[in-house]
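Labels A, B, C and D are assigned to the chains in the order they are written; within every chain, residues are numbered from 1.
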Amino acid sequence: MTNQSLQKALSYREALNKAMHDAMAASDKVLLFGQGVNDHKGIFGTTSGLADKFGAQRLIEVPLAEEGMTGICIGAALNGAYPINIHIRADFVLLAMNQIINLAAKYKYMFGGLFDIPMMIRLVIGRSWGQGAQHSQSLQSLFAHIPGLTVIMPASSGAIVDSYAHAVQKHRGTVISFEHRLMYDLTFERDHEPEVLGKTPFSQRRVRAGTDVTIVSTSIMSLEARRAADWLADRGISCDVIDLHCVSHIDHDVIMKSVGRTGRLLVADTSWLPYGVSAEICRIVCQNDPGALKAPVVSLGMAPAPCPTAKALEDIYYPNLTTLTDSIATLVRGKNHGIDLPHERSMADVYKRFKGPF
Amino acid sequence: MTAPSASLLSADLSLSLYKTLYMTRRCEETIVRIYPEDNMKTPMHMSMGQEAVSVGVCRAIGGNGDVIASYRSHATYLAQTEDHGSFFGELHGRTNGTADGKSGSMHLADIPKGMLGSTGIVSAGIPVAMGAAFANKQKSPGRVAAAFFGDGATDEGVFWETLNASCAMKLPMMFVCEDNDLAVHTRKSERQGFNSLVEVVRKYKCDVYEDDTNDVESIYALTRKAIEKMISSGQPAFLNIKTYRYLEPCGTMQDSDAPYRRAEEDAYWKGRDCVALQRKRLLASGLAEKDLLKVEGDINAAIEKSVAAAKAAPHPGADLLSYGVFYETP
Amino acid sequence: MLNTNERLKRLIYQTLLIRRVEERVIELYPSDKIQSPVHLSIGQEPVAVGLCESMSPKDVLFTTYRGHAYYIAKGGKLPELMAELYGRKGGVSGGKAGSMHLAAPEVGMMGSSAVVASTIPHGVGAALAAKLQGTKQAVITIFGDGAIEEGVYHESMNFAVLHKLPVLFVCENNALAVHTSLAQRQAFDIVQHAKSYGINTTVIEDGNDLIKVGDIAAKLLESLRAGGGPEWLMVKTYRYKEHVGPGDDFDAGYRSRSDMEKWLATDPLYKYPEIVKEMEADVKTEIDRAVAFAEASPLPTRADLLTDVE
Amino acid sequence: MRRLNFADAINECLDQEMARDPSVFVYGIGVPDFKGIFGTTVGLAEKYGPNRCFDTPLAEDSMTGFALGAALKGMRPVHTHIRADFLLLTLNQIVNMISCHNYMTGGHTAVPLVVRAIIGRGWGQGAQHSKSLFSYFTHIPGLKVVAPATPRDGKGLLAAAIRDNNPVVFLEHRWLHWIEGEVPEESYEIPLGVAQIMRPGSDLTLVATSWMVIEAVHAGKILADSGINVEIIDPRTLAPMDMDPILASVRKTGRLLIADYDWLNSGLSAEIAANVGAACFGTLKQPIERIGFAPTPCPTVRTLENHFYPNAETIIRTVEKMLGRPPMDLTGVDFFSHERRFRGPL
């Protein structure tokens, strides 16, 4: 598959705006809900200008009432609308879990297929700096664990445009999308869009082909993996980088074929490792063919603590290009790999010359 | 400038309220000044303009109570603890902060001083204050608990759950609504279907108090009255205090030209600035300006010292990253 | 318009049907043929019948886990209900829903939930879609008096009033949430509280009065369709059986049998014994047919386990 | 030793803890009513009064924040939910507030609270009354998660949870409440974070959680009769997980079967598999196998429920498959089932 709809280089933010625009243009059933959809900042600019074109009544400024508003979206979906509910911090969705898990995820099955809940929930992973324990969580595994939900983590403009169009126009169920804030200002070239490894835009993607080690990554870690792979390619290590993209529906074959070829696996996730997506990838390998591995799996993610705010702690809380590159080189060549490493100790500094506020 | 009424409080208390107000304002002015240095990498939700609420209420509680703040926590933290040393340490992400730099601006706490915390999730601190009120009722009769929150928090179901539960359980719980009419950029009229929050709250078994003076002494006196009634009646109190935020919702800049602002509103509130109002009252009561300048100068110097200490304090090291995920014996 | 007598008869027939269906459930329960926790409506049927009288199939209803009465009153098919309780393939949801999650989208019965208060916002959302799409639908969302303590009730009411949505909030007030009575849990008067949101409130003291419930519902629904904004209705009623399950619980200590006797006095099935008597045979035939359908319907198999997940 | 059922063991623990420490209190929807959460809270309101054992409004989110506030002021709340599914209404408080409050305040803030919730199968409970949600809590730093499987463990682990200075999520399977076992009369603690070997064996390592421990022990006996010796490990505390005995066992047997009482995807079994995969690298004789819920919401009808939930038979068949044994004849074997005695609902 190629990315049909993306005609030019777009920033992640522009892609989100385009995706919202296209959805609203394609069907007047599409309604946007969120705190700030209609204000002058327009959810980081992703909903700016839409009210002028489609009418303010389709962009619903909501009270601070996450549980209630999610239920209202479900009710609207049951009565013919396609709601897109946006939370400017993924953390806020914890207030709406009853409606998402107990209702939206189950409505179809619980009633034996009588209903669908066509709806999208956009969650922004709030990481930049100083966001702390309640504004930076990446809770994909909570949703991926629940049957009935589709959970995506688009890592490029093309992934946004294609998978959102698919969600709104083709998919019948509820889609949860995690958008990483550090990517918002990044521009993605159309020619560099990863190859889609499956039948729908939700499928896994190959960021880069390689032979020495498989890197399975999510969200912004796919960009980091690409940068690490570029660095290592010049130093004789060839990485096969797979962007999971859809963490709830993982094609075991894609992972196993790659691991079968490379014999080594590194998982780089945006969240905590225990009980998370990275554990799930290990599980897939352990269950399908642990003999395919020449070395134990290495996983990188957030340190097992709530997110601290001090920059000094935050920089070691998250992996960075140096630790990622070192981990890959160690996995392939052993501890004394002798490969020089890039000096980059803060991912946030790289992706965002962020001077606050949000 | 509105002329302040004559003080009904003792001269000492009047001056003391001013000192805290001034200190709070000065701390935030300092933040505005030094934020561009980029040493404080934490999102700032500034209290500026709203200080009279925290200062009046916390002083009325007078150490015999616990409070929890919203994410707009600076004024509440400073009023409850008077500790700008830890404050600047934390904002700088240093080991002399309230939490070794792990909490930043949004989660300031000092539990021994009755500052139970502040939260980045709108309304989430309200039920925590209720739990503290319950504990206080059992263990320390006469001690109260207060939750500070903006009017945006009353959109959330958990506010209503807590209002109902604390009334049903007759807890010494004070709801302090810092009513600035705004949730980020959205006015009440776009968020609330009812005409008056206070009218809905009155339907619960609690005592409701309103204030629209921006006068720290008036807020102090009202809170004293509320606490006394609460202790005698056993009913929670709801204080709706009109206020006004000077700066953008998050950040240290003015946003007077943003489309949600109204020029006349801005002028009206700045014309009754809570710090200026109390200063004027003190001068009118006969306090010499040079004495007041001396008081202010001392506070300024102390704040500069705190800032310098914060900058000089060590950054937390890797050993602190996983420290305190679980409880550590002090 | 039917004449009063015919109308009353029709309403009594539905009430009787629901009562006898649930009594049949009680009868069948010890056989373990119905393995689903049942929250019986017995005593509360007239409310459902009255409210649904003037709803068209395109009008939308959301209800609670105590949903048998609404399913039948809204026009859901009885054999499919019975087969669902039996956990058979022929059930309305193929056995995946059971008693707590009844739905019949073709007649606007849009589902129910086992989590208290969680369908209240669904009614508001459906009303929002109806308003934006100009469908002239009226929406009813049903909840018990306990649900009012949940934050989501406030969130839903506020939004409906703010956007003037065509939704009728119906509080079925049986003054019992599971086993504790209201005074221990609610620090406000429910009606005054609702009124303070600026919503029109109506109270029906006797939920057993079929005609009155029907008339008032018709008037309120018409107002919704005409764009008059949300309405709020409390209907007082009484549940004869235990919170969940087929038994009585008057020995549990939280309520007394004499409470029930007050309600029996206005129960239409006791008030009009002659009308009821002449309907019994038809009702029985209808139920027998439904039970026979359920018994004959096959059990779902492993092949059904993984269908309709997404 | 004296035998007690699980519900009475929990009840005795709560009683002893409340008698020992006046700061302990027990509350939640239905807690003081005559049914008393499967009997586990019966009699406490009468004995300790309405300030220490009380009902709440239907306001799960608020009443969870309440626990945090009370804990910060030196109380030890035990908040009880009759269904774990209702915890979804409280996740903001548990994940955003409670789990990180100590960390956000520098590490010395005791947050001694217990969230007890009932998980598991009755019949016909359906999609909203059947979840386990183990991994929802184990994934979050700062929370301890306990899932006992015997009356003795139930009592001792709950005492440890109440005395712990950290928030503990305590998940009890409803069927366990009728299980009897030896329970000491005096108050005692079983430390959190220590696994228990339920049966030693050499052919295969079987890690089971909550109700699956009961099923595993049953399966283990039947397998032993045909000469297969599985080593059964009950982690008891799911976070922090005591991984060493599991790793030691897998190094010995070379085979691992995980029987979790939850969905498999991104769950506890994935976490154990990941740890074993890394730490026992090269010692596994074959791929790890896992048993858990079918990847669907829970259906209500019994026939589908039986496919949805694993049991001792599922374990036996999986072990046989892993060891390359032909399936044994299980006719006449009485598999554990509460369905005959369980008349539901609650």
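Things worth noting here:
Quick note on the criterion: contacts are C-beta pairs under 8 Å (C-beta built on N, C-alpha and C of every residue); 3 or more make two chains touch, one makes a residue touch a chain.
For clarity, every value in this text was computed on a predicted model and none was experimentally measured.
Among the remaining chains, those touching chain B as well as chain D are A, C.
Any chain touching chain C that also touches chain D appears here: A, B.
Two chain pairs, B-C and A-D, are compared here, and A-D has more C-beta pairs in contact (counted per touch definition above).
Ranking all chains by how far their C-alpha centres lie from the centre of chain C, first place goes to B.
The distance from the centre of chain B to the centre of chain C, with each centre set as the mean of the Cα atoms, comes to 47 Å. Distance from the chain A centre to the chain D centre is 31 Å, each centre being the mean of its Cα atoms. Between the Cα centres of chain A and chain B there is a gap of 37 Å. Remark: chain A and chain C have CA centroids separated by 42 Å (rounded to whole angstrom). Among the residues of chain D, those in touch with two or more other chains are 56-57, 59, 61-62, 85-86, 89, 92, 96-97, 103-104, 126-128, 141-142, 295-297, 299.
Touching of two or more other chains is recorded for residues 62-63, 65, 67-68, 91, 94-95, 98, 102, 109-110, 132-134, 147-148, 304-306, 308 of chain A. Residue positions 100, 102-103, 107, 119-121, 155-158, 161, 164-165, 168, 190-192, 324-325 of chain B each touch two or more of the other chains.
If you sketch which chains touch which, every chain touches every other chain without exception. Here chain B touches chain D in the complex through residues 66, 68, 98-100, 102-103, 107, 109, 111, 116-117, 119-121, 124-136, 138-139, 145, 157-158, 161-162, 164-165, 168-169, 323-330, going by the rule given at the top.
Chain A contributes residues 35-36, 39-41, 61-68, 91-92, 94-95, 129-135, 303-306, 308-314, 316-317, 355-358 to its touches with chain B in the complex. Those residues of chain D lying in contact with chain B across their complex are 23, 51, 54, 56-57, 59, 61-75, 77, 92-93, 96-97, 101-111, 141-142, 144, 165-166.
The part of chain A that touches chain D in the complex is made up of residues 67, 91, 94-95, 97-98, 101-102, 105-106, 109-110, 132-134, 137, 141-142, 144-148, 247-248, 271-280, 282-283, 285-290, 293, 295-297, 299, 304-306, 308.
Those residues of chain B that touch chain A in the complex are listed here as 35-36, 38, 41-44, 93-94, 97, 100-107, 119-123, 152-153, 155-158, 183-186, 190-192, 248, 250-252, 258-260, 315-318, 320-322, 324-325.
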